[in-house]
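Should a chain be cited, it is by its letter among A, B, C and D, assigned in written order, with residues numbered from 1 in that chain.
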Amino acid sequence: MENERKLTIARAMAEATAQEMRRDNSVFVMGEDIGQLGGVYGNTRGLWKEFGPERVRDTPISETAFIGAAVGAAQDGMRPVVELMFVDFFGVCMDAIYNLMAKNIYFSGGKFKVPMVLMTSVGGGYSDGGQHSQCLYGTFAHLPGMKVICPSNAYDAKGMMIEAIRDDSPVVYMYHKGLQGMGWLGTESGATVHTPSEDYTVPFGKAKVVREGGDVTLVGIGMSVHDSLKAAEKLESQGVSAEVVDLRSLVPLDRDTVFNSVAKTGRLIVVDEDYKSFGLTGEIITTIAERDISVLKASPQRVAYPDIPIPFSRPMERFALPNPDKIVAAYNEMN
Amino acid sequence: MVSRFFEEAMESIYMEGKTPVFNMAEGPIPGEMHLSNGQEPCAVGVIAHLTAGDIVTATHRPHHQAIAKGVDLDKMAAEIFGKKTGLSGGRGGHMHIFDADVNFACSGIIGQGMGPAVGAALSRKMRGEDGVAVAFLGEGAVNQGAFHESLNLASVWKLPVIFVVEDNAWGISVSKKQSTAVEHNAVRAQAYNMPGRFIADNDPIALFDVAGVAIEAARAGHGPTLIEVETYRLAGHFMGDAEDYRPEGEIDGLKAKDPILVMKKRLINDGLLTEDQHTALSDKAKARVDAAITFARESDFPAPEEALEKVFV
Amino acid sequence: MENERKLTIARAMAEATAQEMRRDNSVFVMGEDIGQLGGVYGNTRGLWKEFGPERVRDTPISETAFIGAAVGAAQDGMRPVVELMFVDFFGVCMDAIYNLMAKNIYFSGGKFKVPMVLMTSVGGGYSDGGQHSQCLYGTFAHLPGMKVICPSNAYDAKGMMIEAIRDDSPVVYMYHKGLQGMGWLGTESGATVHTPSEDYTVPFGKAKVVREGGDVTLVGIGMSVHDSLKAAEKLESQGVSAEVVDLRSLVPLDRDTVFNSVAKTGRLIVVDEDYKSFGLTGEIITTIAERDISVLKASPQRVAYPDIPIPFSRPMERFALPNPDKIVAAYNEMN
Amino acid sequence: MVSRFFEEAMESIYMEGKTPVFNMAEGPIPGEMHLSNGQEPCAVGVIAHLTAGDIVTATHRPHHQAIAKGVDLDKMAAEIFGKKTGLSGGRGGHMHIFDADVNFACSGIIGQGMGPAVGAALSRKMRGEDGVAVAFLGEGAVNQGAFHESLNLASVWKLPVIFVVEDNAWGISVSKKQSTAVEHNAVRAQAYNMPGRFIADNDPIALFDVAGVAIEAARAGHGPTLIEVETYRLAGHFMGDAEDYRPEGEIDGLKAKDPILVMKKRLINDGLLTEDQHTALSDKAKARVDAAITFARESDFPAPEEALEKVFV
């Protein structure tokens, strides 16, 4: 039945992009291996066949040039959807991203629009080593001028992609490899959900309470939402009722939803696959602490990636990644 | 025809060389100030071929390029003064001159404008619309990775974009010789399978001709061109630069070649301009600039809280 | 008198580098305009004359190549001190910094050493616009594998430079333009202090209590230490005794000193010239909150740069920057 | 002499082509796996001239380069298996093979090895010590900005470094034609005022000769050389690549040109090798590889907490 149609995130992203491309000629896709190959993570599959190589453009390995070009095209009336294959590669093109894409609206006093989507894969867990497994949520969210989002499931993935393409400001669309639903990568089945075939948008800056509970609030994004949900199940069997908040977007950040949840539960654990220090976990905890510390019944905790490069070897990588057991342990150790 | 262009060019050249905006570093105009004195021919020789619909991406030294492109002079001056009436309400400043009406953008990061120029050219090509993009850069910027990536991309996709290197022989205190493996950056065009042209001696006429061919080729779908112009930085890198690194006598030598004076002499010698006409043009240019400065001075500063606006649209 | 010799930070950095270059032939300096010009911010003045253009090497504007080259040279036994003229330019070379310089020790299991210093200017306040005024403390401190430091005065600047040059791991040495003591830039006189002429080191990972107090802890780094000290004076006249902590290094971060101070005062304000969200302020507040929330008598506050690109116009930039009055106001509004 | 090099080369080539490490993507070896089958000549033809003291920076496809450089085969296999006995105790993995003993480093970021090679060469030059650095890269990597910056820098400073482009015609699914403005990357050497050499048809002997000249020139202080080698990627970009983008018949055509087989035939035809000698060499290489695999398999995994060590030294 149509309304029970389930998609992977990869297919949801591709479908959203295709629908927008049909609707609006100014939308086009650009990046490495996003053409005939359909994207290393499947998120452009089918587009090359339908729209051809002019609108689904494979690029040289020249991220600075093609992301810069996307900015120029966006300013000139196009709506590029550009892929940075792995977020780990941001270092070769960050100037085009944070100093150009993210700032030209401001520098022009709002007279230039920069309607572009920069999509990029994040996350590890499959032994791809220290230059192919990072999340870097904090790195992007820290720098002003770009919206930063990451869906945890296919429904959001589609709606947020359409929202991103229609936005006149630049959007960094992060998608987690472990949620993509690619056969050759282990995948989280919870990400493959009912996804309507018509177009719809999911607005940015609205976190979602994906599980209600009264004893502790677990906050995550992307993969860590699923870790949190699994931890909530485990806590349930301990008689603890956990609420889980899926941030969905980091910029803009829905501080109210997180605050309201913590105001209710009194306890907060932030779960993050990005590096621990100077990042997402600190921001979320501070959001509560600076607003009203009295809502906290215990010291808030974080379950995050340690401040180390990502190790290749499986036991070491597993040790470093967040997981449901660590979340449960963090709860049990809360004072 | 050519003479009309000459005069248009003259007007801009003259204005730029004299623009008093360029001489203020403190007081009303704080921050870095990179003057383009001496480099005017690079801008006018190329931009004279462009319409408002064409695209220019400029550098940290953008005034001559902006004026030649027809950026609103009042608003530009006001922007440089940090006023609310400035092009972007004071958010950008001297290194961030943006004028959507004439498709002009710039940036303070070396080499950053090349990608956007390629993209704007792509945009026109995809929509089948007329339009050429010109990216200006210094000879120092040529050694930045963005140069290589952008020229390759422009060539592979055969886009209507022109790269103009203003070779003033210096990147701040580092000479071209110290920084660049080739004598002429124009030869680097070979690495991208595009024409590479060298213009000696800051000559706006020669540049005008070469740029005309390149821009016409771009409009006709024949792809990009790289143009290198030998030019002169008559001032310091930025205001306040002591320039101890310059060999003795270099500046005096260059000042004798001031393109505004050279051009004046040439036009007068060729009988295309009289002293009187020159004075009239000069006065007109000066008046225009004075008006812009007055506008800028008399404009209000933005309210401080406006800093929080226009991050997103 | 020798022991009352005062230096600017710029001179202290140059002196430290010169002393190490005399001591150790493997030390050399590389960057744009660090030769005859002596560095745009004066921190290599005199070196070119003493050591010549081989050991004080001006580079092309090729940050990716020369920072990458510094890594290669460091791995091969040299001790490069490299300059990224403005931290704002990190985007053109971040791969060489965070994915290469910061990770090769780990990737090699500690068998490669990467003894290099990447010095870079930070900070605004003089209307240099949105691509020349950033601090980006959080951006660098978030990514593992590099030490990240910033002196607030010449004494520390010299000792930390010597410490950095002798370190076998990469150190990002940030110096604040407003503290450099350059005539043509407004400068904070509190940064120009007594600096011994002999060599000495200031260890990383030790914050310093630069003013003792009992009612509130103000935490800062670089320029924000001076803002905090001025705020402390103002608070004093209100009868409030403020303790000021100079973090000095972000990686490693001396969490204990901050915690102990807040445990004593019960109140915390973090001052930061870097962007507010997902950065330094969140990390410091979380450091306290996660360890023991009960030491906090009021919701901790932050005085930081808003999440906007840096505006050029003076009134707008002043509005956005932290300053002593904002710190005092934050204290007065504390619940 | 030449024949001795031939045999050394043969040995390495043969070993690599047969190295069973390369054929495992799942189970004991997770993560991406980029095989170098078919590209062995590029590595041996150059590295045969190097000593352990010389420097090599390799790519995401590093096995052939590592083996040719003499990286400890046991420890390398163990690293790829993620074992404690691996070169870096399992922290690096297949894209991060580091062996300080033979000055070998690599990286998973396209173009990242070029800067470090320039720097290592600078280090030797500054200390007046012998040593050449060789940076390997793919033809796709040539379009990355780091290429341009590094070649320019190496040339300006006249450093002993060789850049070797392994042109296998593909960057994942994007063909060289789609990505590169010139037919031969060797011509790009002109943009850096350095020699550019092209080696056709994956020929290790021709490469050996050209590399010898380049390396000797580098050692003699004459500066860098760019070498482009036409080579063949016999496998997918990484294990699991369906390769739908390849034109029909391409792989079969390439397989017929498998350099290991070609070389064997050539040596036997030239009377430099007998079938028996070949079998003996082949057995020896296989045994060496088997031993490495056994070592890797039998080694222990690191303790999970070791992940926290070696961030700093």
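Everything below uses one rule, namely that contacts are C-beta pairs under 8 Å (C-beta built on N, C-alpha and C of every residue); 3 or more make two chains touch, one makes a residue touch a chain.
Note that this is a predicted model, so its numbers are computed, not measured.
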{"item": "Shared interface partners, meaning chains that touch chain A and chain C", "value": "B, D"}
{"item": "Farthest-lying chain, centroid of Cα atoms versus that of chain A", "value": "B"}
{"item": "Intercentroid distance (Cα basis), chain D paired with chain A, Å", "value": "36"}
{"item": "Intercentroid distance (Cα basis), chain D paired with chain C, Å", "value": "40"}
{"item": "Inter-chain centre distance, chain B versus chain D - centres from mean C-alpha coordinates, in Å", "value": "44"}
{"item": "Junction residues of chain A - those touching two or more other chains", "value": "59-60, 62-64, 88-89, 91-92, 95-96, 99, 106-107, 130-131, 144-145, 307-309, 311"}
{"item": "Chain B, residues touching no fewer than two other chains", "value": "86, 89, 91-92, 96, 107, 109, 143-146, 149, 152-153, 156, 178-180, 311"}
{"item": "Overall pattern in which the protein chains touch one another (line/ring/star/complete/other)", "value": "complete"}
{"item": "Residue ranges of chain D touching chain C (in the complex, touch as defined)", "value": "55, 57, 86-89, 91-92, 96, 98-100, 103, 105, 107, 109, 112, 114-124, 126-127, 133, 145-146, 149-150, 152-153, 156, 309-313"}
{"item": "Contacting residues of chain B [partner chain D, same complex]", "value": "143-149, 151-153, 155-156, 178-182, 187-188, 190-194"}
{"item": "Residues of chain A touching chain C in the complex", "value": "64, 88-99, 102-103, 106-107, 130-131, 138-139, 141-145, 250-251, 253, 275, 277-283, 285-286, 289-294, 296, 298-302, 307-309, 311, 335"}
{"item": "Complex contact set, residues of chain A against chain B", "value": "25-26, 28, 54-55, 59-60, 62-78, 80, 95-96, 99-100, 104-113, 144-145, 147, 168-169"}
{"item": "Chain A contact footprint on chain D (complex, rising order)", "value": "30-32, 79, 82-83, 86, 89-96, 107-111, 140-141, 143-146, 171-174, 178-180, 240, 244-245, 301-308, 311"}
